[in-house]
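Both of the next two complexes hold chain A, though its partner changes from chain B to chain C.
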Partner chain A sequence: MSTRLRFATYALPLVAFAFLAALFAWRLGLAERGMTPDLLPSPLIGRTVPTFDLETIEEGKRLTSQDLKGKVSLVVFFASWCPECQIEHPQLIELGKRSDMTLYGMAYKDPSQKMAQWLAQRGNPYVAVGQDTGRRVAMDFGVYAVPESYLIDKTGTIRLKHTGALTADFIDGELLPLVAELNR
Partner chain B sequence: MSGIFLKISALFLLLIVAAGVDCPVWALTPEEIMPTPALEARAGALEKELRCPVCQNQSIHDSEAVLARDLRQVVRSKIRDGETDGQIKAWLVERYGTFVLMAPPMQAVTLPLWLCPVAFLAIAGIVGAAFFRRRRQV
Partner chain C sequence: MTAGLGQIFLVVGCFAALTQAIVCFVGAGRHSDRLMRLGRRAAIAQVAGFSAAFAALIYAYIVSDFRLLNVALNSHTDKPLLYKISGVWGNHEGSMLLWLLILALFGAFTALRKAKDMPEELRARAIGVQGLLAFGFALYELAVSNPFLALDQAPPNGRGLNPILQDPGLALHPPLLYLGYVGCSMPFSFAVASLIEGRKDCAWVTASRRSLRAAWTFLTLGVVMGSLWAYTTLGWGGWWAWDPVENASLLPWLAATALLHIAFVAEKREIMKGLAVFLAILTFSLSLMGTFLVRSGALSSVHSFATDPTRGTFVLAVMALATGGALALFAWRAPMLTNSQDTPSFELLSRETMMLVACLALALALGNVALGTLYPLAIEAFQLGRVTVGPPYFNLVFVPPILAMAAIMGPGAMLAWGRGGAIILLPKFRFASVVGMFVALALWAIEGSQAFVTILAMGLAAWLFAGCLVDAAERIQLGKVHLVESLRKIPQMSRTRAALLLAHSGLAVMIVGVAGSAAWSTDEVKRLQTGETAVMAGYRVTLKSVGENLKGPNYSYTRGVFELTHEDGDEPQLALAPELRFYDSPPMALAHAAIHTRWLTNLYLVLAAKNEGENSEGQNLSHKGYVVHLYRHPLTPLIFAGGFMMTAGGIVSSTRRGNKKKKH
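Here is the complex of A and B:
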């Protein structure tokens, strides 16, 4: 009894330590692959895109949730003041050239003029850029940091969300395969 | 003359210090304050139960992030519109997920979290019992 107990008093902490170490290694591994704990899973995946009707940075033109129907679209919340948005912009320019996907922008906390200027300088991959002045549309999408991108299928269902700058890894590994599938 | 001046300046100094001491370090802006103290207390209590998705270990009550301020305004306007705490929480969970709740709800994913204390208590009990039994035997 006593030897078994002495064994247990040494073995238990060791087992507990090994378990914790394995747990931490697993989580660190996830973080290494870009899944940092600040990324929140969106409850909107698989749900219909929120209804919206916004002015765009082009005068007299509106952008509504109805515009997204019947095509695969990428809705990007961004701002001219956001450094990550500058980083991902070249990727979006490339995506804007594709015929299997339509890009819509959402100006987050950004006056029209500044946004128009920013896009004029860097190129505009968007069919339309909505002015989300009150940030209510962003809230309905569950946006918590710009840039955030949402892939929406032809029926208007949100299929994929990406928080932070779009990376080549994400575009080639997740986004484009899903776009191809949704267009099939 | 100078005595009165001194007294008045001392009073002002005291007021400034008192204002500083009394002022809670909330991130609230004046236009967010609710019309009655009761509603204000309810809004504050509810906000403390809601996590800010940007600065993730702060409640939206404590955070100065733009999103936290936006969410506070939503919470407060919904309280004014007569919505219940449950309705307001549901509205937020629909958009940001259960992450916005400071207390995680009982779900399949959070079950280990809730069972952990029980498991640890059980382990401690077993180890403790074995330890004391041995001491009695010795």
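Here is the complex of A and C:
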């Protein structure tokens, strides 16, 4: 083997590794923008919101799927026992101040007094908080884990879904642009 | 309080690691004993820092201190103490801390050893490389994976550990695997140190041999335990799914196995030195990939309980420095490792050639698995859509090279260094060949030629196993001297030879298990109501009673009591009680199989689900009752037995010989 060829052989692993690292870097870049490989698009995206009729944490008031019609709304499944919900809450308070979308909460497996107390301490961005004690509605929405948020357009069609705490990147990069588009 | 203390300990460990790296490199460069000694002390300080941080985290889990975000996300007051503790490494941040601690321990182990079998500068540089690694990952821990982040207000209770992880077997699985993964850092560091020094000898192999053997043993045990756990707790009737995370533990194992053998050749015969260095780098790089990249969102996996791309990017950067740096060094220095003048001559048919060929087969298997694991990524990159590579691919490309390897291992271990001679004339070779042929022919007569792969695998396994057996018998002079005398010779056997025989025969046993269960397993599904009987897999299966909403330590469960009688009535009745477990925090259902082992066959009964008698639209279904799976898994216990034999081989290789002095 000529010397040059031998040196080239020894450099081969480095080249292969560089290629592999580039591949990983590229994929991680995608994952960073929310496109994780295990992300399956929710089958409900593009479908009408499941029908529901729930008691809210305010006595005597009800929250139904009819309430969502005619405006852009964000439905958030959350719970007072969930640490990530605590993390995303300040973001929701900010979103609650906006006029181009209405926020609805869904208390996931959470007794009403606890939830009311939790919201009283941290502020309540929601127009109404439905009590999904039996998890029935969560199942219909296909909730995987709380917190999970769904963006619904004026016709009552689900347009966007986010699992896990809302991040600033997601809100500015995906949620708000879509809200603006849906209000146009 | 705990949060603050833990953070401080972590920083202490991080600084100790940096000091260790700098002082060791400078000390080795100046040949200063004083500085190198200081570097070794820093390695010990690093252990102190990380173990204090780890202890602080364990404490926070035991007292359920939910002010720590990490504890709140992964623990729960209702959890049994064992799972509170194992919850520490059941999440990414905590497991990383354990990873760091083990890395520090291996470094300190090397620092504390007597220096007689390694040059002082080489050791100092190796500890320096360890320090750099630890520093990189400690920064990672502090920057993006900090387990000591505090919440402003503690939630009333935690979210609980992933129920899949709440199993005694799995409590031990990650630490074992980590000991294996991280142990591979020692050969890596010594190999890199050797490249830095520009050494041409194999002192790095001698110096890191014990760590490598320990790492290989832990890795073997970790992979086998992981598989055994998946088999008993996940209730899907299989023991290996070719999932990326499983592959990620198999890849370093394959590389470490190749390294173990090639490093041995390099040390003994002063050949294949470049290959040995490359394998040392590859093994640890694959370990890094196994620990991090699959968990970072770059590859999809059923184990996706910790994915975060920001971390992935950080890890990729550290990995690029470690692996990329080592490979660059390799490209620069390794060509000098081979100089043709002093290569000892050897014949084509010799032990070293056989080892090289077997390791090439192993490398082929490794490459194929790596390709299948990374293929979806590449396909996506070149915009060809998104795919998953399934078990059919892996079985097709993994089995042939492994069988080829098994075919070479038998004669390879019988040959002498340097010269082949007429192996066919060796009585042990003849005996093993006859046994292998006999098994293959007998199977052919029973199964017919369409079971070609099974026949080939069984024949090769028998050949390998018989070879090991005869070799052992010959070495203890069985039949030539009195039996007692022979038995007394067992502990006096060369450790390397004893380990080889155990591990090789373990592989043979495992091949029999894999081939048998792949060829002859059956799976039947029936719906049963209480009191009903169905005939499945040659058994009359009766669902005697069902208990619903029973309370386990941290789950509720449905338990079905089944009675099985063999159709021929010649076996005693069996009572089996599989469970369907529902975990509450977080919510999840798991089928816990009931397994009965009779001879070498497993009966594997699963209570899969309850059929309410109506579907989601409220229509009545004709089949009401419980969905029951009965699998028959012939020879499956041998898979795990073989794995444990290999582990035993690893343990034996780390012990010292009975009374005779080692001769080299």
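Following the convention adopted for this analysis, the second predicted complex is superposed on the first by the 144 of 184 C-alpha atoms of A that agree within 3 Å, B and C clash if a C-alpha of one lies under 4 Å from a C-alpha of the other, contacts with A are read in each partner's own complex, and residues count from 1 in each chain.
The rule is short, and it goes like this: a residue touches a chain if its C-beta (ideal position, glycine included) is under 8 Å from a C-beta of that chain, and two chains touch if they have at least 3 such contacts.
Just so we're clear, the structure is a prediction, and the values are computed from it rather than from any experiment.
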In the overlaid three-chain picture, which partner chain does A:93 touch, first (chain B) or second (chain C), both, or neither? neither
One more residue to check, A:18. First (chain B), second (chain C), both or neither? second
What is the contact status of A:5 with respect to chain B (first) and chain C (second): first, second, both, or neither? first
Go through the superposed model and pick first if A:116 touches only chain B, second if only chain C, both, or neither. neither
Looking only at chain A, is it chain B or chain C that touches more of its residues? C
Regarding the shared-chain residue A:140, is it in contact with chain B (first), chain C (second), both, or neither? first
Name the contact category of A:176: first (chain B only), second (chain C only), both, or neither. neither
Both partners, chain B and chain C, contact chain A at residues 37-38, 145
Any idea which chain A residues touch chain C in the complex? 3, 6-7, 10-11, 13-14, 17-18, 20-21, 23-29, 31-32, 36-38, 80-84, 86, 145
Residues of chain B defined as touching chain A within the complex: 53-54, 56, 66-67, 70-71, 74, 93-99, 127, 130-131, 134, 137
Across the complex, what residues on chain C touch chain A? 66, 69, 72-73, 151, 153, 155-159, 274, 278, 281-282, 285, 293, 296-301, 304, 307, 309-310, 312-313, 316, 319-320, 323-324, 327-328, 330-331, 334-335, 338, 374, 376-378, 380-381, 386, 586
Hey, which residues of chain A end up touching chain B in the complex? 1-2, 5, 8-9, 12, 37-38, 40-44, 109, 135, 139-142, 144-145
